[in-house]
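Have a look at these structures, which come just after this line.
Look for chain A in each of the two complexes below; its partner is chain B in the first and chain C in the second.
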Partner chain A sequence: MNTNTKLQTDMEKIDLSKDIAVIGGGYTGLKAASRISESGYHVILVPQHNDADFNFSVLDVPSTEINRVKALENEVANNTNVEILPKSTLVEATGVPGDFTLKFLFADSVIEKKAGAVVVATDTAVNPLNTIYGLNPAENVVSLSEFENLLASQDTKKEIQTGQKTVAFLVGFAHEGSPLLMKRILNSVSETVGMDGCSAYVYVNNIKVADDGLERLYKQSRDNGAIYFKLEKSPTVMQENESLTVRFHDPVIRKDIELNPDMIVCEESMIADETNLSLAKILRIDQGPMGFLQNENVHRLPVNSNREGIFVIGSAREVQSLSQSWTDVDNMVLRVKQLIGDGEKSISAKAVVDREKCTICLTCYRCCPHEAISWDDKAIISQVACQGCGICASECPMDAIQLIDFTDAEMADRIQKAASAVTANTPKLVAFCCQNSAYEAGMTAKAFNYQLPAGLQLIKVPCAGKIDIHYILDALVEGADGVLVLACHHGNCKSESGNTYAKWRINDAYRKLEQIGIEKNRLEFATLASNMAVDFARIVIDMEKRISQKKD
Partner chain B sequence: MIVAERKPFDEIKELIQGYKKILIVGCGTCVAVCLTGGEKEVGVLSAELKLSQKSESAPASFGEATVQRQCDFEFLDEIKDIAGEYDALLSMACGAGIQFLAERYPEIPVFPAVNTTFIGVNKDVGWYEERCKACGTCVLGMTGGVCPVTMCAKSLFNGPCGGTNQESCEINKDQPCAWHMIYERLSKQGRLENIIKICPPNDWRNQKPQTLIQPGYEERKALSE
Partner chain C sequence: MEPKNVMIIGGGIAGMAAAWELAEAGLNVDLVEKSGFLGGHAIGYTCKATSECLQCGACSVEKMLKDVVGNDKINIHLSTEVENIKKNNDYSIKLKKTAAFIDVKKCTDCGICYDKLKDNDIILQGYSKNNAPLYAINREKIDENKITLKEICPEGAISVSDKTSYEDLTAGAIIVATGFDPFNPERKGTYGYEKFPNVISGLDLERIKRQNGFPARPSDGAAAQKIAFIQCVGSRDENLGNLWCSQICCPYALRTAESLKHKNPDLDITVFYMDIQNTGKSFPVFYETCKNDIRFIRSIPVDIFPAENDTLNMRLFDEAQGATAMETFDLVVLSIGIMPNSDNEKLSAQMGIPLDEDGFFKNSDELNKTSTSIDGIFVAGTAQGPKNIAASMAHAGQAASGVLNYLGVNK
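And now, the complex of A and B:
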């Protein structure tokens, strides 16, 4: 084990670029550009998808917000602190937080920009679902977006009104939907019944009202005459030339019913922007479900990605309404200010590389969940990007990486003390505890005076990913009767994969113990959350019992 | 890089049976990169051995040292002051390193803790694939950068054989046919004429241990003799 690495713990002064790149030109991107520039930073806005220079996509903006968004669009277009890169696509991103180098493809040329931070603010795209109902687009079969457009223009709205149309809405049978979609549907239903002579029939599966004002909107539309059929199964919809038929079983009157609407409005789904995946690849950030970006992480603010200095906001991370995504913008601006400040920062190292030992095998680079490692002729850790989890240090085959607060030498010392602590005839247990979960749970268990084994010693680690297989074996060598590795729950690791690495190493340790001929149950792996003091106590007491029985 | 894997623990235990003071010597180059014999693995093996000897009345003691490369005398010299204190050396280097360590310290028994497996590439952390047999006659220029000696089960120079099956080798469906890969690569590059050129038989010089002197260093070698 490494015992003589010289650690450089001086504060490092670094400069951070005050240019912030915003990718996405919808209402989230516009708001982000506006708010970041208000905070005194220069914004590089990359609208993507736009055809004309300032043609931002405001199609998805709720009608009540159109004026606000238009004003915002105007403000951003005239803001001298916002530089707009129209028709450009991000093709390469290198560097570290505070000093990213971004390359954009514009026509055939490449534009290079420096940025201190990157904000991904892509919008959702709309996906029509008419084919699932067996419907073909027609003048009287439209998608929700198309219907919204018809209502938005006075001329086409009048056409619907004078025709005294009966409009059928199909909702929730082609996909589960979301409150945001339901809001758009309820608004359209309300507007339809608000027109003299028009009526609205809504065929709906689950009515998703879990957002501000939706319950009210739903009730209002019913009070104004909209009729809702809440069905478990999709109605049978037939389209023959211009004639439309909706057949279904009404669960209230328990009869089969057939209706002939003048028009059908078919639900649609809101899907992630198609550029998200390539952005994730280029920016080396995690993908989430269904084409959205980043996994949920309970230890992290929602707008923070797995990489420091790269933020994912609004509908880039999940389907969001305008007000939700503008809240994301506010949160992001706080984080940008915290990171970039006034462009200068003193930072103390969390992890250092012994350049003499480093054999540049790239293991650390490949394992770092925060993409904090690069290399010249040896590995380099960006101290701004580093989150101090220690996964790299415990994977490095040369022990060339040391965490300032958890050096191998200090850990060896702690292990030796913990494993040899004198206890009268009770098993000596060494528990390696992640400071984000198990350590908290253990301290709570102590504070509440839960019954804990007399021979239990806790060793705090910054993340279960720092628990080296060497530490586990060493604890046994130094005299521990049992070793516990206590990590965060699956999917709950602050550093994404620290608990996964810990689990892999435990399995490796089990193989080794078996070969050596040592009882496997002297080693235990368990996952905890910080509020699970009771479970902590149970796990360690169980371990003590098991080992006592073996000793007898 | 040269890829190696740790020997089974029982075999290592048996090799060092009876020795009481053992120095585990790691190597900081190829075997460190393939996560088999660097400083970390030296520490882990040492802990395993200590653990296995715990119940014995007179357990052996273990020292740990990792040098930059065991295939260089200069680096092997770094342990000269401590090597004499041990009655056995347990090397975690490749076969070349182990032999050079034994040559440098001929009076101390040297044992291997790893099996040297192949010259290969790094697909991901802990995942390596063989690419070169060190045959001494490289034909990659003719074969579109796919080695028939390594990738073909028969090491055919003028393939494929009759056992080529669609894209696979007859030995195993999951084993791609090297000559199919060669065909694909050459055809993509518009160099298919290469495939009908006759490749002369290999000069199997590596039947005996080889020596290589870079042309620019022949005079230097002459001087040292």
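And now, the complex of A and C:
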């Protein structure tokens, strides 16, 4: 390789703050504070919603565990390594991983804190769904949470028991629900049929039993007399004054079946915390579906956001049980230790800005999916935050950014060599392959001796987002008969949008090819995963066939 | 003081993920795998993407395998089992290696042994190029083929010994990540698995897809047009005493059906089910897409009979008619469930950690699913109960975090 094309960089020594901010004061937030402080870091805990106390929603905590959760609350409250900022709201976050500056609004004043990492640990809220069933809240029409509260108090429970109530549960017709909700329902059903003279009828769509112990709980409740009607459509529910009617058509006996329960327990949904939206905005992290944080991208699992140093755990990212939240907490602790370590680390640059060339147009700032770019009078790349995808380098109109391992000069060199590699009478194909997916698939195809075109050359790129349009054109100019751009599937790009940038540039390239009179089918874009060696082989062989036919 | 070694039993996705986390934290890990390959069941799973990723996580296993194989803090013991474990202050462990194995240092992945012996199932090929070595000896075929094995490798990479070899280890903590056994669908006799070639398991379909890229019927290699998935084969089955949901089979069937439909929109796919379980947080949207592409029938078929041209007749209860009906399919896929590993009882006795009533490793703390009855021993992945790939990896991370805490390793 031409050694002149390699950029030289030094290791940079940086200090990272050993203060870790935790936002959210429910079980997950407290557990996070406790585990982070155990690991020798100082915690800034921002409980958000509550006034003085922490906010356990009862529904999160099984009655058997309440004492334990209370003990955790005490432990955190008395932990000298945990600083609690009550009644505070995050309003601004600047800086880079290891050195964030956070501003909190407290009453009328602003508190400023430094933090090496930020952990978002918000909880879920409960949303009643009675209106979807056309039901109005009443003494005999209650939500699941309300019913749980009735069962939790001896007096109200006794009332249900002595009334020998027939209770109807409506589940899964207003929304799909989750195993956690189903567990709460199954527990309530079990408790109902456990009371002498009481009976439970459960009208349910899909029973969500995909968690430990739920199938057994479901069976036990049936053994104890609970009746389940599994329906695909909601039964007709009528509420007239105090009288309740539930009616549905039984497909097996082909009859309408009607019940007049004493009480209806209506499902509810567990929804994302209302502050998630503003937290995502302030922290510049991606939102996922339905108000939860974290995009659906396997590279983020379990606790990463699109930004280094900002972690999302527990029900902040998906409805979770206490044990699942604990799993998140422990994984987050691993990531914090990996990032912050003992507060000092040496890192080498993945990308550098040529300050002579930079005109501070801020294209890089806008396109960086990892929010790694800031500026003084020129663009600055945070080497801790940078993931080395190269989207910025390819987007920069001034070519002012170079990736250390994939400089433009090196890439030109590789393209020239690949495109001019001598092959027999077969088409020369140059495939630009993302190192996370297509390159792996291609190497597997080689290792397994799949049939591949003799004239195929792979060029590894850090992300499809690093494939400049001129790489493609250069390859064709240098003698390639065909060029392939092979990216990750939509939603599987480690840098979130690298494959999207690649697709845009391909479309742009098609236009350019048309203008200069080169057939479009000499360029192809496809998406692959690392384990798709068979598909990789098929794609490149198809390309070879098409080009051979054209040549004949 | 040099931090202690950790032993991880099982080199599937959970074992690999735990090993990688501990190595990242600076610990030396001994990763013990019974078979000749790392990656467990999950390394064989195929990508389920349509025009977009459906979050099956199969590619994460490929990535983890690459990271683990390339990590010099992880000492990989293939074709190795735990012979015994003694607890002093630390754990003294005796490992037992199979009588014949391929030496990773000498193997060049040339494939000569595989080409010559694959037809007799003596040499197996790994699923990934990252399997090192790429080939392994089928442990069940070692004894009767020792002489052949001795002579086949030009590099002398196949080590054959007459007596079992042992290795001693010391570990400060142990992670049990022994994974699961797939349900044997022959136990559901009325479906005719192993009797009718076109009745296959989900795992079989994964192999077929990986080799062909499309759902080829085993009987004639033709592309199946009309496909049925039967859910809960082995799971949620009171008669078998399997009172658990395997959690992975609904997502498996739905994602597979969608990815097959994406490649060939003409496919006719039916899913027979009891209750559809969620795939992830955008499940409601995904489920609606599935309902447009796939026929869902809430009924578990009674039995299957062979019909002409290798097709299959399936008897099922038709709710619309209120009677049993018969329908014909090209290919029937049994979505087999997660069973406790058959080694669990032996390991449970070796280590003195109990199993739960279903045969998975029991947690001593309901809230910490990696806990066992012994402080220095943790459980990760499906050894504890059914989990998908992402949940197994997160669980492994938690186990690794627990080990670091237990050994007092901070930062």
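For the reader, a short list of remarks on this structure follows.
Going forward, the second predicted complex is superposed on the first by the 531 of 552 C-alpha atoms of A that agree within 3 Å, B and C clash if a C-alpha of one lies under 4 Å from a C-alpha of the other, contacts with A are read in each partner's own complex, and residues count from 1 in each chain.
Note that in this section a contact is a pair of C-beta atoms (placed from the backbone, for glycine too) under 8 Å apart; a residue touches a chain by one contact, two chains touch by 3 or more.
Quick caveat, the model's predicted, so the values are computed rather than measured.
Of the two partner chains placed around the shared chain by superposition, neither chain B nor chain C is touched by A:H249.
Contacts of A:H489 after superposition: chain C is touched, whereas chain B is not reached.
Of the two partner chains, chain C is the only one that A:A210 touches; chain B does not reach it.
In the superposition on chain A, A:R538 makes contact with chain C only, not with chain B.
Shared-chain residue A:K378: touches no atom of chain B or chain C.
When chain A is checked against chain B and against chain C, the one touching more of its residues turns out to be C.
Once the two complexes are laid over each other on the shared chain, residue contacts for A:K357 go to chain B alone; chain C is not touched.
By the touch criterion defined above, A:K87 lies against neither chain B nor chain C after alignment on the C-alpha atoms of chain A. Contacts of A:G288 after superposition on the shared chain: chain C is touched, whereas chain B is not.
In the superposition on chain A, A:F448 makes contact with chain C only, not with chain B.
For chain A in complex with chain C, the residues that touch the partner chain are 35, 38-40, 64-65, 68, 175-176, 178-179, 206-216, 219, 230, 232, 251-254, 288-290, 292, 296-298, 301-302, 317-319, 322-323, 326-328, 330-331, 333-334, 337-338, 340-342, 436-437, 440, 443-444, 446-449, 488-492, 527, 529-535, 538.
Against chain A, in their complex, chain C makes its touches with residues 21, 24-25, 45-47, 49, 51-53, 55, 57-63, 66, 109, 111, 125, 127-129, 134, 210-213, 235-236, 238, 243-245, 247, 250, 274-278, 280-285, 287, 298, 319-320, 322, 366-370, 385-386, 390, 393-395, 397-398, 400-402, 404-405, 410-411. By the touch criterion given at the top, residues 1-2, 357, 359, 361-363, 366-367, 395-400, 468-470, 473-474, 476-477, 512, 515-518 of chain A touch chain B in their complex.
Those residues of chain B whose C-beta lies close enough to touch chain A in the complex are 8-10, 28-29, 32-35, 38-41, 43-44, 47-48, 50-52, 54, 64, 66, 122, 124-125.
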